[in-house]
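Pasting the structures in now, so scroll down.
Okay, so subunit A shows up in both of these, paired with subunit B first and subunit C after.
Here is the complex of A and B:
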């Protein structure tokens, strides 16, 4: 699947056409590792040195997408990437089997689980600014979550979506996307389990969250 | 997959997303996974031995077994011969169905699902360990062994 997707070009404030695709290959993982990781690491170091608040420091500096190569062959996993002019802007890993809802009314009903999600560091305001730049594209996280919800609809899961949010990302999933905070999950380092009901997912797609 | 093309929606969402971290997964999770991985009892050898014994018990060749189970022969050969090979979920489902064993446990045995059941893991490990042959070496094997030892000891 390859489809065009509008992204917000921050400098001009205008939408530009990017590409959303699910034919993610090991080359994309290597690209993320090669181009993103040094920038995130550099920004994290500078923020620590500058005494930045914990929430301001990127917690995904150590990620290694290339280690996920073997997951490409697992049918129950799906990957989605977003590129602009051939350059990777965001990457996401989904699980489409074996996960179910935790909200009382959704208990036991299948959902799509977002296992990993990351945007290119030059699109993150805190990272770009510490490196003396402005973020390049906006709404990459929104677009990836939109793709995850649409995948859930395609799977017949009615838009149900679940993920374990890092503490620094909770604001995005709860306030911006409008997911429900179900509770800290002791089985997952007490990360917050966030979930979309079908109604919330529909509202998110229609832009009526918050 | 058709994505939202509403420019106002995009601008609104981009504005609200601005300044947010959006990462899922992360440091805590990764460290925990590494720790768990180092403590995980390897189950895959038990899966390989189980498939092989179940096939032989039915006196089926690899080809016949692949046909009956409705899986790709190449994949079946890889399962039985390549220790690092990760079988497809569908294949494990088909094997479980054919052999009438619970799919979830077989997925765990195949290394495709993590199961927090120490007793099951230990039993699987013992089952796999029993596959290690203890028969005396044949003359040919003895000769082969001597040859490789000689090669290894050469300066």
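Here is the complex of A and C:
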């Protein structure tokens, strides 16, 4: 699947057409590690040296997409990427089996779990600014979450979606996407479990937060 | 999503009853339940092949290793 999606070119404020795809390969993982990771690591080091607060330091500096190569052959996992002019702008790993809702009314009902979602570092305001630049593209995370909700609908999960949010991303998932904050999960580094009910997912896809 | 192929599945009454119960409990179509089962089966096989082990933990926190054939 390859489809056009609108991204926001921040410098001009104009929408631009990116490409969303689920035919992710190991080449995309290698690109993320080669092009993204040194920038994230550099920004994290600079923030630590500058005495930045813990929550300001990107917690995904150690992520390694190349370690997920074998996951490409597993049906329970799915990957989605976004590119603009051939350059990777965002990458997401989904789990489509074995996960269920935690909101009381959704308990036991399967959902799509967003295991990893990463935006290219030049699109992240905090990282770009510490490196003396401005973020290039916006709406990458929104387009990826939309793709995850659509995958949930395709799986028959009615849009149900769940994820553990890094602290720096909580506002995005709660305020921008409109997910429900269910609670900190002690089994997952006390990250906040956020969840879409079918109704919230439908509203999100329609263009408004729940 | 990849193009889908169709297959016919013959189930006993008991198997169909279990499938219908799971379909109701999980708020899924019967096809989606079977697709989930296939994914979980492959996932378990992959994890076992990587040297992982599959356990069930009871309420007393005692673990029993599950044998998957």
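Here is the rule we go by: the second predicted complex is superposed on the first by the 209 of 210 C-alpha atoms of A that agree within 3 Å, B and C clash if a C-alpha of one lies under 4 Å from a C-alpha of the other, contacts with A are read in each partner's own complex, and residues count from 1 in each chain.
In this section, a residue touches a chain if its C-beta (ideal position, glycine included) is under 8 Å from a C-beta of that chain, and two chains touch if they have at least 3 such contacts.
Because the structure is predicted, anything quoted here is derived from the model rather than measured.
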item	value
Subunit A as common anchor, with subunit B and subunit C clashing or fitting	clash
Contacts of A:156 with subunit B and subunit C, given as first, second, both or neither	second
Partner chain(s) touched by A:115 [first = subunit B, second = subunit C, both, neither]	first
Touched partner set for A:125, first subunit B, second subunit C, both or neither	first
Subunit A residues touched by each partner, larger count belonging to subunit B or subunit C	B
Touching partner for A:1 - first (subunit B), second (subunit C), both, neither	both
Contacts of A:141 with subunit B and subunit C, given as first, second, both or neither	first
Partner chain(s) touched by A:97 [first = subunit B, second = subunit C, both, neither]	both
Set of subunit A residues, in rising order, touched by both subunit B and subunit C	1, 22, 70, 73-76, 97-98, 154
Touching residues on subunit A, where the partner in the complex is subunit B	1, 3-8, 13, 15, 20, 22, 58-63, 70, 73-76, 92, 97-98, 114-119, 124-126, 135, 138-144, 146-147, 150-151, 154, 163-166, 168-169, 171-172, 175-176, 188-189, 191, 205, 207, 210
List of subunit C residues in touch with subunit A within their complex	1, 25-29, 31-32, 35-36, 38-40, 42-43, 46, 50
Contact set on subunit B toward subunit A in their complex	1-30, 32, 86, 88-90, 112-113
Of all residues in subunit A, those that touch subunit C in their complex	1, 22, 70, 73-76, 96-98, 108-110, 154-158
